[in-house]
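Below, each structure is written out as structure tokens.
Both complexes shown next keep subunit A, but they swap its partner, so subunit B is in the first and subunit C is in the second.
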Partner chain A sequence: MKRGERALAVALVAPALVVLAAVTLFPVLRVLLLSLERRVPVFGIEEFVGLRHYRFLAGDPVFWHAAGVTVTFTVLSVALEVALGVAAALALHRLGRWRAVALGLVLLPWCLPGVVTARIWEWLYQPHVGLLSRVAGGVNWLGDPATALPALVVADVWRTSPFVALLALARLGTIPPALYEAAAVDGAGRSAVFRRVTLPLLAPVLLVAALFRTLDALRAFDLIFVLTGGGPAGATETLTIHAYRSLFGTLQLGFGSAVAVIVFALVTAAAWGYLRAVEGREAAS
Partner chain B sequence: MRWLGHALVLAALAVWVAPVGWHVVTSLTPEAELLDLGATWPSRLTLEHYRAVVAASPLPRALLNSAAVAVGTTALATGLGTLGAYALARLPLPGRRAIMLGIVLSTAFPAIATVAPLYLMVRGLGLRDTWWALILADTSFALPLMLWLVAGFMRSLPRELEEAAFVDGAGRLGALRHVVLPAVAPGVAAAALVTFLSAWNEFLFAYTFTATEASRTAPVALALFPGVFEVPWGDIAAAALLTGAPPVLVVLFLQRHLVRGLLAGALKE
Partner chain C sequence: MLAACGGARAPDDAVRLVLRHSRMVGDPDPLPPLLRQFERLHPGVRVASEPLPWTADVQHQFYVINLEGRSPGFDVLMLDVIWVPEFARAGWLLDLSERWRAADRATHAPATVEAATLGGRVWAVPWVMNVGLLYYRSDLLAAHGLAPPRTYEELAAQARRVTGAGPGRGLDGFLWQGRQYEGLVVNILESFWAAGTDLLGPGGRVLPDMARARDALAFRRELLAAGVSPAMVLGADEEQTRRAFGRGGAVFLRNWPYARELFEAAGSAVRGRVGIAPLPGGGALGGAHLAVSRASRHPDLAWRLVEFLAAPPAQQAIAAATGLHPTRPALVDPALREIFAGARPRPVTPWYQTLSATLQPELSAAVAGVKSPARALADAERRLEYFLPGPR
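And now, the complex of A and B:
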């Protein structure tokens, strides 16, 4: 019986694993190798160069600028998304019979394709004629290097705060009201209840939400690519955009792969860091 | 006092969804008035932009491509995913822990890291500019998610359910088909919805692996929306809303199922 079950298990999982190996594991190994090559298909160039691309990147100001933009974009948007998401969840939680309708409205920006979001905000930001430009007296939000990155962050926060709100709202629904009553009996004020009761209970789910959001912000592509393409003057060029432009803009498959590998390493490091934090919390509690 | 709080929350929500509302207004505004700095609000509403998009733009074909790719990806991931998930959740699979770890890790893989090798693979297989290229590429994020979610749903079923079926003489596959699958069907549906949405919205692979209208999906067509002399903002707004409509309808009508699927992924230990 046991042996038969083992064979059945392998037979059931094999098709999924074969496909998965072909479309995830193999490409990840391949990109590591590509990053050690100089490969420019249009010129028929294909040679092994070892770590040359990485050595070049270490001293490349364009790369470090893109790394800085990536970190700024990620930290700003994730911090704002978590703060707004929690605020929205607290507000929605108190809502009575309107909660389902309200949640539907909140989720609306989240379910739109990134390119649609990009087009919506491109029109709002359009110099002179866009609504947000009219309101601000003709500011060219996306065309000015000083405002382009904040403008992108706003669009990203608009799109993804609902995800944090959804997770936080679900957790709020599982907190027993008796806890709040006990806190009220002890004479705790509203802000004390929030800091001592609500926030600690929300913390684990907020960590998970922040993890998902951080990974997505590091990988963000469609919104930035369509809204600014990395411009003006590189003001919004993240590592992902830099990698894509190297890969398919100038068709340097080897060099672009090296940048992509660094994005991959950043994402893995972020995931690992958060997982450690979650484990630490669980061990402490 | 209480209704005042509710009203404030609803007002804040109205501001939150205002960008979409403004796009709806834009899509119904006559072209001449869009660039008129004197007027903000349209003097009359028109369907001319929707007519133009439906009759004379690549979008209708792109919507068809999107539907084919999203349905194909969902079908492939659901088929392979539920079978594999059962083995992961219930059967004595050698190396189960390592496989689970690999599945979780692969949900975090950034598309930018796999896009160049997948591009070479797609070209090598002669699949460039076809639906299959995108279905295969999208499976790279859809299948791990499906395996992870459905295995979780299956693990939370009581074992007694299957054992009752064994007593009745059913084998493993019989129990899977007649007992386990019906019991996890809502969860599988939720995971399939999430898959459909992400495949519909996907842009990086779709932009890279397509070359003509034969396979360009709606987000790609929207990103490349043609303008001859000036940007046709009204047409673009109409095209954007048509591209966004299917995911919005899915969320509107299937919100309960979808929320369940999303939460299962995030709240599970």
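And now, the complex of A and C:
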């Protein structure tokens, strides 16, 4: 590239970079700096404490509990979403005439705003009155510390499996029929075809879908906030709910920011892990 | 210009005061007539009343955002009693110590004044009052020849006896508020008081008597484990327990005074069969205060509005229309007077929000049996020692 072209390129990209820096880089750095302070604005408390919040959190059972809840919620919901999404995609792929209609119906939960979804499930879980409580003989799903987290996972899976299904379905449509014919000639049964042909070809798409879903699940908020608010007995208190309560409930801006930074680090690490996996696949193929 | 827009509009030179308050569900709404009366007494003053959002958390957030911005747009604020020290410490409230006469102060329930005092100064005037109390089924206790309990242990023993045999057989024993929210903190605090301890000790020490606090919390857990309190208590707030007791489903209930009217209403299943008694260690103080924003441009008039709204006639008008109780025991129904006089404020500290928010999940875990009471309190203590600077 000639020097003049290079300068032009920089000039053209600059506005976008400035906007990006303003809306992403600046807040991230700001939160990072805040997390090194003890700051309670309403009382005029502003004090640099270095890594003290992080050292406190490292030995804090409440924080580790929230971290555990976050990971459990993420692993369970992403695993179920991928499994159900693939199943739905396979079923849709085999449908003929009604595929468009069925696809629309499957996608419906994904189109609803999170808070609307949460309200619907709140009704379903309502003790004694809600459908899901009544079928189970009056179980108080959201009120029992043992069932609250699984109940949240179910609601999240309902909402986001369609996303996985959509991506998987698109990939299924591009697999050449010749591959299946060849497999049939070789005498492969249905399960062998699925394991040896369909799944390996789906895998890259599923990795991407799982990446998106993991990032969302790690910072899930709306559903949990509306349905349980982190209760009962702290059983559904994820790191994001914890950060929210520290930030807005008690106005401990520095401490809450430290928790938010940890969520950020967790999300970044997960993204990095998935990208490595995707790259590994591409290098192998 | 403005005056030309509408005939009834205030003249341009009128002073406009803004009162921020949470909605009072009353029939008729008692506030507008009171404000018009104030305007007649103070010609040239117009009072606008602006309701707050519905829930306490959102109200708190509203106040914090607007007051921190230094241009609140209101002169007089209705405050939940637990916010007064926080807002005073933040510098948002006018010091009322000089304006509020000692003679009038002495007519209010002591707990209400204590709750508005920080650093020896008073920051708000009590407006409406709430206090936790014990409801019991007088018919069922009488059937066993029992007098209302004086301790929580006695309460549990009576509950077992009444639900074990006779007309109360199979009923729930003791209903209280065990959901993970502010109400749970209130219930546990009342148990702490009965056990002779508190959340904050002298000098602001967190959980000054760990052993007593642990035993009091363990006692609540035991009520649930032994079935004296049903499992629904774990997810219950005031209304859920009020309805269950109102259906005739339980012997004892801890609740606020508003439930009394509903129990005695026509068609109530427990009408004429409900007695009231003070809670063993005293009931927690609830209710609201009135304060003047330090950013108000008319502090003297704003104070006069506070004085007017908190005066006996206004408190009585509000009580008649809404069932919200006056803060002066002399104005309260004689049957409730002793209970109101024995009210105790929750810890009067600017850090109350932090205190409560930190405790809620821990207390909830303990009463649900997910964590041992000792462990839950230790975890809460560790965090509170970290969050709250000494002296508190």
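By our rule, the second predicted complex is superposed on the first by the 269 of 285 C-alpha atoms of A that agree within 3 Å, B and C clash if a C-alpha of one lies under 4 Å from a C-alpha of the other, contacts with A are read in each partner's own complex, and residues count from 1 in each chain.
Assume contacts are C-beta pairs under 8 Å (C-beta built on N, C-alpha and C of every residue); 3 or more make two chains touch, one makes a residue touch a chain.
Keep in mind the model is a prediction, meaning the values are calculated, not measured.
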item: Partner chain in contact with A:A258 - subunit B first, subunit C second, else both or neither; value: neither
item: Partner chain in contact with A:V19 - subunit B first, subunit C second, else both or neither; value: first
item: Which of subunit B and subunit C A:T250 touches, first, second, both or neither; value: second
item: Which of subunit B and subunit C A:V154 touches, first, second, both or neither; value: neither
item: Partner chain in contact with A:L202 - subunit B first, subunit C second, else both or neither; value: neither
item: First, second, both or neither for A:L215, with subunit B first and subunit C second; value: first
item: Touching partner for A:V164 - first (subunit B), second (subunit C), both, neither; value: neither
item: Touched partner set for A:G229, first subunit B, second subunit C, both or neither; value: second
item: A:D60 touches, of subunit B and subunit C: first, second, both or neither?; value: second
item: Subunit B and subunit C footprints on subunit A, overlapping residues; value: 248
item: Subunit C-touching residues of subunit A, taken from the complex the two chains share; value: 41-45, 56, 60-62, 127, 140, 142-145, 229-235, 237, 245, 248-252, 255
item: Residue ranges of subunit B in contact with subunit A within the complex; value: 5-6, 9-10, 12-13, 16-17, 19-20, 22-23, 26, 34-35, 37, 40, 76, 80-81, 83-84, 86-88, 91-94, 99, 102-103, 105-106, 108-121, 136-137, 139-140, 143-144, 147, 172-173, 197, 200-201, 203-204, 207-208, 218-220, 222-223, 233, 236-237, 240-241, 243-244, 247-248, 250-252, 255, 259, 262-263, 266-267
item: Of subunit C, residues touching subunit A in the complex; value: 57, 61, 64, 68, 86, 89-91, 179-181, 231-232, 234-235, 350, 353-354, 357-358, 360-362, 364-365, 367-368, 370-371, 379, 382-383, 386-387, 389
item: Contact set on subunit A toward subunit B in their complex; value: 2, 5-6, 8-10, 12-13, 15-17, 19-20, 22-28, 30-31, 34, 91-92, 94-96, 98, 100, 102-109, 111-116, 118-121, 123-124, 126, 128-129, 131, 134, 158, 163, 166-167, 170-171, 205, 208-209, 212, 215, 218-219, 221-222, 225-226, 240, 243-244, 247-248, 253, 256-257, 260-261, 263-264, 267-268, 271
